[in-house]
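Below: one structure in structure tokens.
Each chain carries a letter (A, B, C and D) given by its place in the written order, and its residues are counted from 1.
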Amino acid sequence: MTQHLISGGQSITAPDNLKPLLQDILQQALGVTRGKVADYIPALAEVKPDYCALTVATLDGSVTSVGDATTPFSIQSISKIFGLMLAMERLDEKLWQRVQMEPSGQPFNSIVQLEWEKGIPRNPMINAGAILVSDVLVSHYSASKSAVLSMVRGLCASDSVCVDRRVHQSEIEHGARNAALAYLMKSFGNLEADVDEVLDHYFWQCALTMSTEDLARALAFLANRGTCPYSGKAITSHRDAQRINALLSTSGMYDQSGQFAFTVGLPAKSGVGGGIVAIVPDYGVIAAWAPPLNSYGNSARGMEMIRNLANRLGLSVY
Amino acid sequence: MTQHLISGGQSITAPDNLKPLLQDILQQALGVTRGKVADYIPALAEVKPDYCALTVATLDGSVTSVGDATTPFSIQSISKIFGLMLAMERLDEKLWQRVQMEPSGQPFNSIVQLEWEKGIPRNPMINAGAILVSDVLVSHYSASKSAVLSMVRGLCASDSVCVDRRVHQSEIEHGARNAALAYLMKSFGNLEADVDEVLDHYFWQCALTMSTEDLARALAFLANRGTCPYSGKAITSHRDAQRINALLSTSGMYDQSGQFAFTVGLPAKSGVGGGIVAIVPDYGVIAAWAPPLNSYGNSARGMEMIRNLANRLGLSVY
Amino acid sequence: MTQHLISGGQSITAPDNLKPLLQDILQQALGVTRGKVADYIPALAEVKPDYCALTVATLDGSVTSVGDATTPFSIQSISKIFGLMLAMERLDEKLWQRVQMEPSGQPFNSIVQLEWEKGIPRNPMINAGAILVSDVLVSHYSASKSAVLSMVRGLCASDSVCVDRRVHQSEIEHGARNAALAYLMKSFGNLEADVDEVLDHYFWQCALTMSTEDLARALAFLANRGTCPYSGKAITSHRDAQRINALLSTSGMYDQSGQFAFTVGLPAKSGVGGGIVAIVPDYGVIAAWAPPLNSYGNSARGMEMIRNLANRLGLSVY
Amino acid sequence: MTQHLISGGQSITAPDNLKPLLQDILQQALGVTRGKVADYIPALAEVKPDYCALTVATLDGSVTSVGDATTPFSIQSISKIFGLMLAMERLDEKLWQRVQMEPSGQPFNSIVQLEWEKGIPRNPMINAGAILVSDVLVSHYSASKSAVLSMVRGLCASDSVCVDRRVHQSEIEHGARNAALAYLMKSFGNLEADVDEVLDHYFWQCALTMSTEDLARALAFLANRGTCPYSGKAITSHRDAQRINALLSTSGMYDQSGQFAFTVGLPAKSGVGGGIVAIVPDYGVIAAWAPPLNSYGNSARGMEMIRNLANRLGLSVY
């Protein structure tokens, strides 16, 4: 396959060659049958388990996809990146007095850690941290939902990004644990706005629907030193793009973050809707989607597709 | 300053220009007075707090240093890298059934986590993990200490690497907590060899003494895809070099690993002797030494020197 | 002092002799200046710290008091006994599938334990357990507040038992941690009713106001094998009175329960309003009140008065 | 059945009537097949599961038994009472600066709690606490084992009390977890003597062998205000007998202490050898033995026999 070296070992595979590679990887992934579609809310439990999509957006502007790459799905925790961007913009350094930037190392037990650390979440990628970020948005934006939606639509240059109202409603109804996290932060004085309003924003944000093509385009600036490769607009500073990538590297893949760094070596974020995005600095973004989750809550096929692609193209940052 | 672009934004600053930069950074760091020399054993408590060294070894073979860069010091936890290399070589994938690869997220409380996770340490960079690795070495090498020492001497092409017998003895005498970790792993059936022998190897390894120049040279292969840039010898596979760098990124800087990734963005490992090494893939190694530690057990000046240098040269992997 | 032996070493001191003894003990307690009035809500913080009362109600029907023994105060956690009585009546053995009967051993951290034990509170005397009990009451009584109020008024044959509306309101406003506990139980499926309604009952119950004379009379049945010594009415079975006393013995004095058993040896319950009741089986009830709390949240003077009295009269159950 | 009332509801059943009652209770207990003989060391795993014994020693000097009541067995944790008695004698109040008196509430996780509470064990009835007590004995008695043995032999007026050398040796070989507890206390500065010597005393003490008749007689002083009812000798003060009973009430039955208080209502201590002793103040001692353990490590049949007997005779202290 033809490769154009651009930097320390990384290369841009021409779209003509990339497509069959992605096709091959997707086919292999379909053989991976481990996993179970998220079922904590009915709206997610009903998603067909055999959806599968893989998209690569490179910095030269090309977007190569295979599978259901234009089908929107619930991005869930991937939305934590968008919330964080807006909160960093508003609070800057002050944000880090209210949320830490350390990996949590606490599988399933985040309320325990939140208690030990007196209501200061470990990082913005765990639920408590993203609820804290939602509190910042609700407190600092007159219309926090519009702010997120218009930013995301702008990033992927697509008005098709929506919110699934049924998922939103369902999250609220099954959100007792997140309410517990929010009230615990409130009890420590680390939540400013009304708890119901904060949770409403948080659940709304989790219910955003995007396709892998939407996601890959929307996050391309993280691979491009903060600048959107399509519009040329500076979305964040180079420094902040690196910082977000650092957070994704240490905390983006739930309790498999260390294993993902070890086996893949890319900043990444997953959601229980089955989506995963991985950032390849100075190269592009990989977005994958396949609903069945492994025991860590990460898409089993999505992990496998990204690992396979990264290893074949030698894309680790390390 | 003259820079030679070698890869995605990284560059090699010619030694003539690097030296004054390092000198400037070291001077600035001397102004950082935070921190306290490790005092849990007398042999470390007596080290002069004003030692300060900074070395950069680049892949073209040049080694640039300022300060006390040839003075050997107790490398302590940096030695965990050397132990891990030998254990990976012997056990390969089986090693990861006995130790995980996830960040621990447990400040000061590692025995709690070890109990929860039934004697399987979180990663090889925390004490429990390195004691487990020592068990592997003691069990699989006829002379585990010689194996480590000859490997390290070979890596930095220097016979001056030694073990400080007083530190070794002192560690044993004050090693009750590490003994507790070892016995807890033993109680879970995750320690094969005799506990005393395992601890003796572990404490011995922590007592290795090297200079920043020794360290930078010894670990250059991690920046060079597994191959020693001086001898051209393959030390590890490219894959294993990336894996070790990934572990350092998520777990190398104690409970500041997330913050170090966020502010510096390089795989790194520190020791309570005041040393820190940072790996810059496809560029080289930075090694710093200054005994006073911050509250996380990382060298305050060492952190500052590496952060300053990495930011000035734009060396983040993200 | 004249004593009438009634049982294994216990005795009834005639009121004529008891009064000067109580007076002496109260005077000594006033010298105990340790402690700080509860200040987590304004309504409690404003209570005068020098209130002090001591009442002994013996099974022959006599009630002997010194100090502010007819002044009503916020009984707070002492109300957990009343809620539990009604819940035991309705659910019987089934109650213990939803709440355990073990001492918690978890100072200040009950949300951690609640998470570990999957939403099943350790016992009905900790907040989570009493919220669970409130859920039972709200779910099984058409008017749970009336049910509690009429029972308590009947027990002490006094209509003066009221609820302090300001304390009730204040508890709701500062109840974020209790809300977190409730939502966490909800997330584990161990809360049936609406969380807001459950918390409203719980906070209302904590805001009951009674005097030491009210309390001593109301709980006399616990010392009298379940039968009210005044009305002769069976309030609970002998078995259930023993069970409640057992729970108070192992869990009634927060994280000082073991120390209270060791130094006093009586089933007892305290509240952050400064009240403490101690049950002396086959003898009577001691009720004490003094607002300043020690670091465990128990009335410093109240503890001292009960310890002094129990030791002087030899009242330990052990 | 003829009963002689002696105190608040308690009675002495004449031996002629007690024997058939015990026989009936033992027969019923044999129907309880739940449980599994301790198998963490071979010497215990080999004990026949169908041994069963029940002894009642009353303060009038009579000892009534059924089943294998003269067969010696490994008393294991019941020995913690004997160690504690000697440590209280030597250190008095100072002992309680090094060990607490609160229920632990920590099933299976005692090393976690020991870490959180900086090496101060929760109470002398958990392993860490008994190891601490062993440290006191080793440090304050020239021959700690002889001191324990001669005290125990004196208490039950029998030279037949021995130590099972095989159990002692086996405990040492499988004692890694207890070694971890000891080293952790050492690391916090709460262990004075040599760790190996302390553990050797602890394991030796656990290996004491006694019959239910030996145990009932040896602990009769706890039911008799500190005085041996046979010799009339004051073993401890009345106060200290009450204190030990209080500790047994809140912490004697592992993680079933609360449930045992709730369902039985007597101070008691069990051991993984299948023995249980229960103290009935001013009445006597019940000792039971049946090797199969329930999931809490308490003898399933022993619990049932004591519960049945206490309920039939109305022996609760509450």
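Keep this in mind: contacts are C-beta pairs under 8 Å (C-beta built on N, C-alpha and C of every residue); 3 or more make two chains touch, one makes a residue touch a chain.
Since the model is a prediction, treat every value here as computed from it, not as a measurement.
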>> Could you work out how far the Cα centre of chain A sits from that of chain B, in whole Å?
In response: 31
> How big is the gap, in whole Å, between where the Cα atoms of chain B centre and where those of chain C centre?
Replying inline: 56
> So what's the Cα centroid distance for chain A and chain C, whole Å?
Replying inline: 50
> Which chain C residues touch at least two other chains?
Replying inline: none
> If each chain is a node and each touching pair an edge, is that a line, ring, star, complete or other?
Replying inline: ring
> Among the chains present, which pairs are found to touch?
Replying inline: A-B, A-C, B-D, C-D
> Which positions of chain A touch chain B when the two form their complex?
Replying inline: 6-10, 100-106, 113, 122-123, 241-243, 245-247, 249-251, 255-259, 261-263, 265, 267, 281-282, 316-318
> Can you name the residues of chain A that touch chain C in the complex?
Replying inline: 109, 111-112, 115-116, 176-177, 179-184, 186-187, 195
